Amino acid sequence: MATPVKKMLNTYPADLGGLGQEAMARCIEECIACAQACTACADACLSEGMVGDPTKCIRTDMDCADICTATAAVLSRHTGYDADITRAMLQACATACKAWPDECASHADMHEHCRVCAEACRLCEQACNELRATLG
Amino acid sequence: MATPVKKMLNTYPADLGGLGQEAMARCIEECIACAQACTACADACLSEGMVGDPTKCIRTDMDCADICTATAAVLSRHTGYDADITRAMLQACATACKAWPDECASHADMHEHCRVCAEACRLCEQACNELRATLG
Amino acid sequence: MATPVKKMLNTYPADLGGLGQEAMARCIEECIACAQACTACADACLSEGMVGDPTKCIRTDMDCADICTATAAVLSRHTGYDADITRAMLQACATACKAWPDECASHADMHEHCRVCAEACRLCEQACNELRATLG
Amino acid sequence: MATPVKKMLNTYPADLGGLGQEAMARCIEECIACAQACTACADACLSEGMVGDPTKCIRTDMDCADICTATAAVLSRHTGYDADITRAMLQACATACKAWPDECASHADMHEHCRVCAEACRLCEQACNELRATLG
């Protein structure tokens, strides 16, 4: 099924500037999925009380959600494209997505929601890195 | 396939407070899809130049994207739930989603991206209203 | 000193649509101040561990930050103004700002950061209500 | 007057991790001022019609607003601090803030709101670079 992300890319009336449409669509989808998972995971960790000391996990979740949301918005715009901004945000997003599962390995053993979120982060980091590799 | 939204809801360790899980998952998914579609549509309208005077369309797109993003975040949290905040945001989100297609009917005739975005808004408005109806 | 908020309002090239410029500027300023205070307060509460059970406080902080940020963005746009969207967001923002200090009264006794944040919420709620009263 | 930003920093209950409090407070303040100015400038440009072709200006404004908002949120959190994430976001934010006035020099001659916004971007870029220089 074509998601709205792909449908919107397909209907963009001008040129996408040489960026791969498949890699772009996937990256937008992973960014919005990861932002949602991180917001939900911070909340789920909060509801656990202090089991396993989730402090750093919650904080990184919140950063990752904010950064993924901003990255998805930047990637959803094609008009007046600036490769430097896109590259810097993909770098920041991959950094945040990577920080989280590194931190959270012990939680992922403990909390199922951390496991689901770590997978969303992993997919998002990969999609950011792959899209960045296609930039000139 | 279970999306991360549903997986995250399934792994929430505490009680969801009587809110319907299906309606909640659908509403979160429609909010994040609509936010992305509106961001992309504002950008696509911008690239059209002034064809069909997209000014109000672009502005409402931007509001709708910001409000849908905030609503998705509020709905993704279940800990320390406050029905008044959820109700007010669902109301604001449905209002923004409804304003856009009303405005944009003429653009939707003209621009394919407006048609895709109008459908995302319609689904999101419907999901917000259905979830709101389940609140006490 | 004229803040950028007021300077930007002063340079808006078209008509502000009858909305009071002073009430508007103040409301935007309180929304962005409150969003920042709530983000910082959630983080400060998190660093306290579970002293005084800050769970609901942290969650409401996060909602309030997201809603204030979206409200500030909606209020910063004047082109293609839609009173229904503005009214609904001011309602949601005042609801979130009010929920927080109600919840947090006991924390404010305990934590200085909650006291500062409660004051930011109070000013933001007041500004939202005053601006809403000027809408037709 | 102590802004809420400084008051919140002053009441943070744990250690700020060696980051300069003055540089941090200034950077948060410039980020939230710049985000608001960029949102308002995109809207003001939109209301001008196509005078001076503001297309790229509007798009970069929108990116810059999203990135500044995310950066302000990341900088407002101190618990579980990760220097790599902070550094990458300061880099992305400075890149976006720099792109805008470069693009917009001709608009700034034409539109007063672009002049105010360019100054907010310049101050934000400077504050991001100064804070980044203090990171290890």
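So that you can tell them apart, the chains are marked A, B, C and D in the order they are listed, and the count of residues begins at 1 in each.
Operating definition for what follows: a residue touches a chain if its C-beta (ideal position, glycine included) is under 8 Å from a C-beta of that chain, and two chains touch if they have at least 3 such contacts.
Source: prediction; values computed, not measured.
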| item | value |
| --- | --- |
| Most distant chain from subunit C by Cα centroid | A |
| Mean-CA-position distance for subunit C and subunit A (Å) | 27 |
| Centroid spacing, where centroids are CA-atom means, of subunit A and subunit D in whole angstrom | 21 |
| Subunit D residues counted as touching two or more neighbouring chains | 43, 46-47, 55, 58-59, 62, 69, 73, 77, 79 |
| Touch-based graph of the chains, sorted into line, ring, star, complete or other | complete |
| In the complex, subunit C residues that touch subunit B | 55-60, 62-63, 66-67, 69-70, 73-74, 77, 79-82, 84-85, 88-89, 91-92, 95-96, 99, 103 |
| Subunit C to subunit A touching residues, read off their complex | 42-43, 46-47, 49-50, 55, 58-59, 62 |
| Of all residues in subunit B, those that touch subunit A in their complex | 3-5, 7-9, 11-14, 28, 32-37, 39-41, 43-44, 46-48, 65, 69, 72-73, 76-80, 111-113, 115-117, 120 |
